[in-house]
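Listed next: structures, encoded as structure tokens.
Both complexes shown next keep subunit A, but they swap its partner, so subunit B is in the first and subunit C is in the second.
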Partner chain A sequence: MNNVLNEDQRDALQELMNISMGRAANALARLIGTKVSLSIPRIVAVTPEEFNQILTNKQSCYTRQSFLGGVKGEVLTILSEQGCCSIAELMEFELPLNEDSHNELLLELANILAGACLTGFSEQLDLNTKLSMPTVFVPEKRLQTQANWASTLLMEVEFKVEASHFDSRVVICLESLSVDTLLTSLGALLE
Partner chain B sequence: MTEPILLNNLVSRLPLGICVVDKNFKVLYWNDFFKDRLDHQQGEQADPNILDIFPQQASLLKKKINNVFVLNNSSFSYWEHRPHPFAFSSSRPITGEETLMYQNIEFFPLETKNNEVNSVGLIVQDVTELASYYQTQKRLSVELEEEHAALSRLNKKLEDAQNQLLQSEKMAAIGQLAAGIAHEINNPIGFVNSNLQCLKEHTERLTQLVSFFTKLVNKTAEPRYQDLTAEMLKRQQYDFIAEDLPELIEDSVQGIDRVSEIVKNLKTFSHADSSEWQWADIREGIDNTIKIASNQLKYKANLSCDYATDLPLVHCQPMQLNQVFLNLLVNASQAIDERGEIFVHVRHEVKLKSVTVKITDTGSGIESHHIQRIFEPFFTTKPVGKGTGLGLSLSYSIIKKHHGEISVTSEAGKGTCFTITLPIDCSEPEVDDEVA
Partner chain C sequence: MKIPVTVADDSKMSRNVVKRAFPEDWNIVITEACNGKEALVAVAEGKADVLFLDLTMPELDGFGVLQQLHDQHVKTIVIVISADIQPEAKRLVDSLGAFRFLQKPLQPNELRETLHELGLL
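What follows is the complex of A and B.
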């Protein structure tokens, strides 16, 4: 399935991601008033097994939120436990964090990053998407890990706040049926 | 119906609070759901400002709404973290136990122009029902966990009690057996002992007689008889017998003494014997015991005693307790190879109404697989003839008779510590507040 995308499509998508992710990094930087650096976006097709590998990091927290519209899917945000406190301080949370305020911080961060990524991305492709509210996701608590899909497209980028040693990754996961829609829109843009 | 009216009617029937504010937090619109839940005065204000209407949550609202203006991105508020951003009263004012409405709120950019947000929409969702359900579940699960923990504790207690019961049943059975054996053996030992005493006297007389006759024969000046006597005495190894016989008897008497000592111990173990109960000073008992044992102790260990100054008198059988202290002190000294230390600590546990005696040595310690068995009768690691294996089981039964506890901690190669806990007045009924 890794050849779902040809070279040109992948390059174009990566470029689009770069722009929208830059916007997300900018949003976060503006909010917390610190430099935010980001990685080169990774675009990859995965099977459920490969996807589950993402969810095995014990030092991280996960949030998820779904999006609807031209394309459908879910955005996962993976946030490092490390550096949370200093981010909380930058975002004017009351310290020390208790369990509730910790979760609130995670959800707020996730929403800012995921929101900026997705909005930027879908605007450029002229896909009207709407993001629902994020929730904390604990992969171990899933009763069923059997996926009802065979493969999906992941678009992943890493944000780092070096001053706080904070690290987060936003993974946009497309529903299998939406991959075609995306490719059509991409085609229109490339022509 | 025209479209705006239709929409207006729809919005007024939505089970959601809707409010629109501008950059200065001035309210541009609110629907009926939102407005109906405000105080009458607030609802009728001209040019209402959302921060003025909800002063208590102003900082939160300001932060959230500003985020939307700055980032052009939705923002959320959850009931779990912020239950009541708007002080709306509960949707169940009569039957519900909640006083305020639990809310999920979405703040989203409503009107944007050239990527700049001009107004922000707020959608307030009433999740009181959900929250109250969730909280009930959570409470239930906490209760369940507590009950589970209590049950586990109870299980553990039952297990301990059963083990104790097994242990005391075992001890009781052995005690009965021991009492029976002690009784049976006592009679033969009695007559063997007195027979040995007679035998000793008889032997003395017989040897006297033989030496008298020998002297007599020697005085007769009959060389033939003299030679014959000397010959006979030599052939029958009289000299050797005369020397050996008293020793044999002496050894047998000692042997019988040891047997009767064992029988006496067995009797004590089976409670067949009991000395008088009285109020006694534990310290005095230990001091006396140390004096008795000093011969065995002084070559092996430096003994140091540390008595609390507030020791009360204890209701006990002092002689029996001394027996226990003696056993433990002798054991401690035997555990020491060359030279070591023995510490005796006595403390008054005021709260528990008890006295604890700790006897610690720096000896060879007890192997962990032996620890389980040290209080069993006839269990010993000493060489044959050195120990009966009754000392500690005896101590155990004496302490139990005093409603006390005896326990041991030991590390092989480092040493051993025996701890005895004695209730000050064991005739007082024990109060187990957890069960009661």
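What follows is the complex of A and C.
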């Protein structure tokens, strides 16, 4: 997809994500009751090898959600273990987190981040998509056949909350037909 | 006499969205800036009686631009157009003397109404 995505399209996609993540930051700020700043989102296409690499980090927590509609695929949200703890602290969870609270927090954050991304895609590109509820994802348990996406876009954004900051990554996997749909919609926006 | 306006945003698409929202009969000459530093240069060169300013930009962000304009008592009319929609950001922008805070995605009608309200049309 690196070849498919030209500079204008990358710029447009990045700006759409910037707007979406602005909403996510606002939702997150309400949740934890303090201002959240975020970096300019970085968008890159990743190869299957790089994608697998992303899934091998032991310090990361993963969730996945599938989406259907104008574009189809799935979205993974990746947060660092440390980031989860910082947020938990701000939200006055009892530390150390037990597994239930950990997962609850992770799913809440994933819903905010991935939800904002997908809403950004669908609304601004006029594509109707429905996002399923997130589930905690354990890469070791996945079936190899699930990894065959035509195209994988990686969006990285860094959130800063007061003194702590944490990286969060949203990985959007698209079916090949959906890539065409996405590019057509982007084209309409760039005309 | 054309009014000099500058559109400062790191995204080319966003600059286009803003330019497209301008009324066709608005008598202006447009300068584009890709970051805060370029925006300040445009102001210094008299190219920005009105400055449309994004907040999240590389080099120098929109808050930095507002701070400098504020410190130097510059008369440029600043209209912030931002994806950062947290109340805190709006408060800070207001306190630094921006005239309006418009949310992204920009609604063309909202921009035109703002220009009317500020007597720029």
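Operating definition for what follows: the second predicted complex is superposed on the first by the 158 of 191 C-alpha atoms of A that agree within 3 Å, B and C clash if a C-alpha of one lies under 4 Å from a C-alpha of the other, contacts with A are read in each partner's own complex, and residues count from 1 in each chain.
Everything below uses one rule, namely that a contact is a pair of C-beta atoms (placed from the backbone, for glycine too) under 8 Å apart; a residue touches a chain by one contact, two chains touch by 3 or more.
Predicted, not measured: the structure shown is a model, and the values here were computed from it.
On the superposed subunit A, the two partners subunit B and subunit C both fit, without a clash. Of the two partner chains, subunit B is the only one that A:112 touches; subunit C does not reach it. Taking the Cα centre of subunit A as vertex, the centres of subunit B and subunit C in the superposed model span 140°, given to the nearest 10. Once chain A of one complex is fitted onto chain A of the other, the partner contacts of A:49 are absent, as it touches neither subunit B nor subunit C. Within the superposed three-chain model, A:22 lies in touch with subunit C and out of touch with subunit B [touch as defined at top]. Contact with neither subunit B nor subunit C is seen for A:140 once the two complexes are overlaid on the shared chain.
By the touch criterion defined above, A:31 reaches subunit B but does not reach subunit C. After overlaying the two complexes on the shared chain, residue contacts for A:94 are found with neither subunit B nor subunit C.
In the superposition on chain A, A:40 contacts subunit C only, with no contact to subunit B. Across the superposed structures, the minimum distance from subunit B to subunit C, using CA atoms, reads 12 Å. Within subunit A, not a single residue is touched by subunit B in the first complex and by subunit C in the second. Those residues of subunit C that touch subunit A in the shared complex are 10-14, 16, 56-58, 82-86, 88-89, 104-105.
Touching subunit A in their complex are the following residues of subunit B: 63, 67, 70-76, 78, 80-82, 104, 106. Interface residues of subunit A, counted against subunit B in their complex, comprise 27, 30-31, 92, 100-101, 103-104, 107-108, 111-112, 115-116, 119, 131, 133-134. By the touch criterion given at the top, residues 8, 11-12, 14-15, 18-19, 21-23, 25-26, 29, 35-38, 40, 124, 189-190 of subunit A touch subunit C in their complex.
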